[in-house]
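The next block holds one structure in the form of structure tokens; read it before the comments.
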Amino acid sequence: MDDQSAIPDIQMEQPRHKIDVDAVGVKDIIYPIEVEDRENKRQNTVAKISMLVELPDHFRGTHMSRFIEILHCYQQEFSLVNIDKLLHQIKQELQAAKAEIIINFPYFMKKAAPVSKVKSIMDYPCVFYGIDNGTEQQDFILEVNVPVITLCPCSKEISERGAHNQRAVVKIQVRYREFIWIEELIELAEANSSSPVYSLLKRSDEKYITEHAYDHPCFVEDVVRSVSVKLLEDERVTWFKVECESFESIHNHSAYAVIERDRRSAKVEDIK
Amino acid sequence: MDDQSAIPDIQMEQPRHKIDVDAVGVKDIIYPIEVEDRENKRQNTVAKISMLVELPDHFRGTHMSRFIEILHCYQQEFSLVNIDKLLHQIKQELQAAKAEIIINFPYFMKKAAPVSKVKSIMDYPCVFYGIDNGTEQQDFILEVNVPVITLCPCSKEISERGAHNQRAVVKIQVRYREFIWIEELIELAEANSSSPVYSLLKRSDEKYITEHAYDHPCFVEDVVRSVSVKLLEDERVTWFKVECESFESIHNHSAYAVIERDRRSAKVEDIK
Amino acid sequence: MDDQSAIPDIQMEQPRHKIDVDAVGVKDIIYPIEVEDRENKRQNTVAKISMLVELPDHFRGTHMSRFIEILHCYQQEFSLVNIDKLLHQIKQELQAAKAEIIINFPYFMKKAAPVSKVKSIMDYPCVFYGIDNGTEQQDFILEVNVPVITLCPCSKEISERGAHNQRAVVKIQVRYREFIWIEELIELAEANSSSPVYSLLKRSDEKYITEHAYDHPCFVEDVVRSVSVKLLEDERVTWFKVECESFESIHNHSAYAVIERDRRSAKVEDIK
Amino acid sequence: MDDQSAIPDIQMEQPRHKIDVDAVGVKDIIYPIEVEDRENKRQNTVAKISMLVELPDHFRGTHMSRFIEILHCYQQEFSLVNIDKLLHQIKQELQAAKAEIIINFPYFMKKAAPVSKVKSIMDYPCVFYGIDNGTEQQDFILEVNVPVITLCPCSKEISERGAHNQRAVVKIQVRYREFIWIEELIELAEANSSSPVYSLLKRSDEKYITEHAYDHPCFVEDVVRSVSVKLLEDERVTWFKVECESFESIHNHSAYAVIERDRRSAKVEDIK
């Protein structure tokens, strides 16, 4: 029935060294997907996908083509609910105790400019990480990268006019016990920086943003602290990591800060 | 009527140095688009877009936000026909003698494996370049990047067994007087290399491709020559550039070759 | 005495949110450095460097410029011994409980071709990670990325002639209790793949490598297992992570495998 | 004498299609080099190098290994004078009518901060392009990429306080009839932007730069025009291309402008 049956299956051989492989699979598959969208229900985007399984010490290799076959079944319905099923299917079809998927994609959101209210589309690089290891609950991480403005408090304070500012990226990763929208994390990052950025701005908006950024100076340290305080207050979040990288306009290198907290194994008062 | 009217328009000022700027505009906008698809009529993908105009010596700056506004109008209908109209609109709204657009995007194509006929999706990075300079016909270039296998003829000839082979990328750029499908250029690149590549292969397919590549060795020089011969025979093509970069498996650097020919200003016998 | 004294120091202010920042500092500084070389004592290269400290909850910001000042002192003597001192100095001058440095650089090694013995220079991307958290021993990780050939055992077995092969990268990261040369990790990766790669090969070498790779087929799973077995036998190594990414010639995506083992908290028989 | 003599030389065969290949060779070799330095005579850096030759229609392939052999001879003395000799040697040893080299490298320069005068090292990505086609003078292009600050004149004018600013990169490419230092092009780019950037700044310097940038607002159009005016006045320059890409802090895309002028075939009054 299977055209493959007469061809030797080298992957099923005994390996030379009997040692478990933590993860093995396919990396960097470029693939068109659909994801859930708070405003429009679904949106089309393009993902870079990696899929991995644990390989026990008695198999020489995994069957890489099965990852691609399974991926094809789910192409039209990438959501957290489906990743759940997809990971389960990978585990079954590849006879693995643990399956993992990493999905990078730009997420698009229509945003109104602050004064003129003209709308434009912004892209936010996102990542879904999903792990199913069978023994406990599945493990998911949602990552959102949000471009913002940081205006330097030190530069503003010491200068008689102006203040250096620049594009920065706030990266928020969360584990959660209740669903969180990508849009919520975008808003969180934007609210805790000097200003959001937009793809389309009229002059009235540019004036507003310039002054708003000047009135809300922040270091990368301030950004990650403010975002962390909000995530600590959010009961849905069980773990988070917040990073801010600021492409300093006065230097040729970046300023960077990071805070990571885990509520799963700690009391709230401990993790601050 | 316009909320902008009371705010000074610095871009319209006289520049300090009266010198024409060849091109000015916005670069690297990430944007969801739809493109024409030979099999399915339309496909969704994500583009990186740059849009530029010529700026005459009496304007200090261009109005960058207008590029984005115009882009929004065309989001759902990116095709060569529309780029035509889009460039015209840019010229008008930015009062420019010349307008230019560069659109990078992955193009997806369903491909059947050679023996098992299982289908899978492959991505091909493409670029549309469009220039409208008003005085003559619009100038378009279509670029397709096709991953293929190159198997080294020298390695095969001198070795008693095996032959080094590797992934290579064939980049084809064409100007044409009649429409050419992306799919046609993909097939051209694949037919003139050691073998196409696929995202999903059964063992029967892997056997076929391994032997097929071994039976069709080619240098990067062979690839660009074979593709060029076919493009020279194609009456629709007025100009082309063919490049092949092979990520040599025996080295940590690439082998590379390029052929460019222009039929617009030459007799066919001259350009070989 | 200090020209800075009259200018307010915003970084020393109380932060709005009293929360520790895990790490803060400068990222991606491009810098010329010298590193230890087993054959020539020292070699010149160029690094991309990040430097970070922990920031306690009572400081608003760190003094980013001090990182650069300290970096300048050590420019001519980057070695593991000096990273030791450098981390200590960062901790002191930035009043931090924890300091961290990440140094990416290409390491160059002269290699003789296998038959002709002609010598050429190969580059190996390396990373030094160093952490000083004061309470226990400093923590160092050495990472070496080694390009190699992988020839597919399945393709060889099922095909009547040839076998697909490609460039792959073996990434080895180690913690150790006794010094390990970059050269040792390079040799380890090369010995456990289908063949090393070279920048200069004569035809006699190309023949040798083609046949040698054909005679030593390996999956990415085989590579990480073989390297792991050797690292488990090496008493100097206390922790390691071995990855292999193979840029499959028959696909447009990679095959990938990883094994990580920690001997610090485990018996050797457990960690296999 | 040569161990190669008994092994067939496939490259010397007749190609299937008799068509000239414009350029063929090796790409992206990572290599340690020394370059001329105005202040310190020589500096060590790391290059990414490509080397190409024209291939006439009667040879099937070029001998890629000879590029690497020649490269090894010149490793310690990369300068424009030597590129001259190196290109000549490539032409001879590969029996080519035309030879080409492209050398990408970071160039390092010690810079004093504007007020405190503390010195630090900055990196400037550079490229040397060299072509020897035998029939006329050799053709060289020097490219320097200079990070600077651009502060938006529009944002400053329309806002009551502050002005958005950001890191930008000025790329200058020149052909010349008389030697030009990399340092001269760096100074030119810095003098015609809102401010230079530095790797090490004290608070007094940060105040100075913030105010200086605020006092010297410029669009990308202004930057390329000002630099072009200076290059048009420089009798040594026979051709140039000036680009400025500004990583807008208020957007997630760049603003970009370019001016290219050729004095070789034009009167000066024409090329403005």
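Think of it as A, B, C and D in the order they're written, each chain with its own count starting at 1.
Following the convention adopted for this analysis, contacts are C-beta pairs under 8 Å (C-beta built on N, C-alpha and C of every residue); 3 or more make two chains touch, one makes a residue touch a chain.
Just so it is clear, the model here is predicted, and its values are computed rather than measured.
K.L.:
If you apply the touch rule, which chains end up adjacent to both subunit A and subunit B?
P.N.:
Expected: C, D.
K.L.:
Name the chain whose C-alpha centroid is most distant from the C-alpha centroid of subunit D.
P.N.:
A
K.L.:
At the interface of subunit A with subunit D, does the proportion of residue numbers present on both copies reach over half, so same, or stay under half, so different?
P.N.:
same
K.L.:
Roughly how far is subunit C from subunit D, centre to centre by C-alpha average, rounded to an integer in Å?
P.N.:
Taking the average C-alpha coordinate of subunit C and of subunit D, the gap between them is 29 Å.
K.L.:
Which whole number of Å gives the spacing of the CA centres of subunit A and subunit D?
P.N.:
The mean C-alpha positions of subunit A and subunit D differ by 36 Å.
K.L.:
Taking each chain's centre as the mean position of its Cα atoms, how many Å separate subunit A from subunit C?
P.N.:
25
K.L.:
For subunit D, what residues touch not just one other chain but two or more?
P.N.:
Touching at least two other chains: 7, 29-30, 123, 154, 158, 199, 201, 203, 207, 251-253.
K.L.:
Quick one: do these chains touch in a line, a ring, a star, all-to-all (complete), or other?
P.N.:
Graph shape, chains as nodes and touching pairs as edges: complete.
K.L.:
Can you list the subunit D residues touching subunit A in their complex?
P.N.:
122-123, 147, 149, 151-152, 154-156, 158-167, 195, 197-199, 201, 203, 206-207, 209-211, 213-215, 247-253
K.L.:
Which stretch or stretches of subunit A touch subunit B in the complex?
P.N.:
Touching subunit B: residues 3-4, 7, 9, 29-32, 43-46, 65, 68-69, 72, 75, 106, 108, 115-116, 118-121, 123, 199-204, 207 of subunit A.
K.L.:
Which positions of subunit D touch subunit B when the two form their complex?
P.N.:
Interface residues on subunit D, with respect to subunit B: 7-8, 10-11, 15-30, 50, 52, 55, 57, 60-62, 64, 153-154, 157-158, 219-222, 224-226, 228-229, 245, 251-260, 272.
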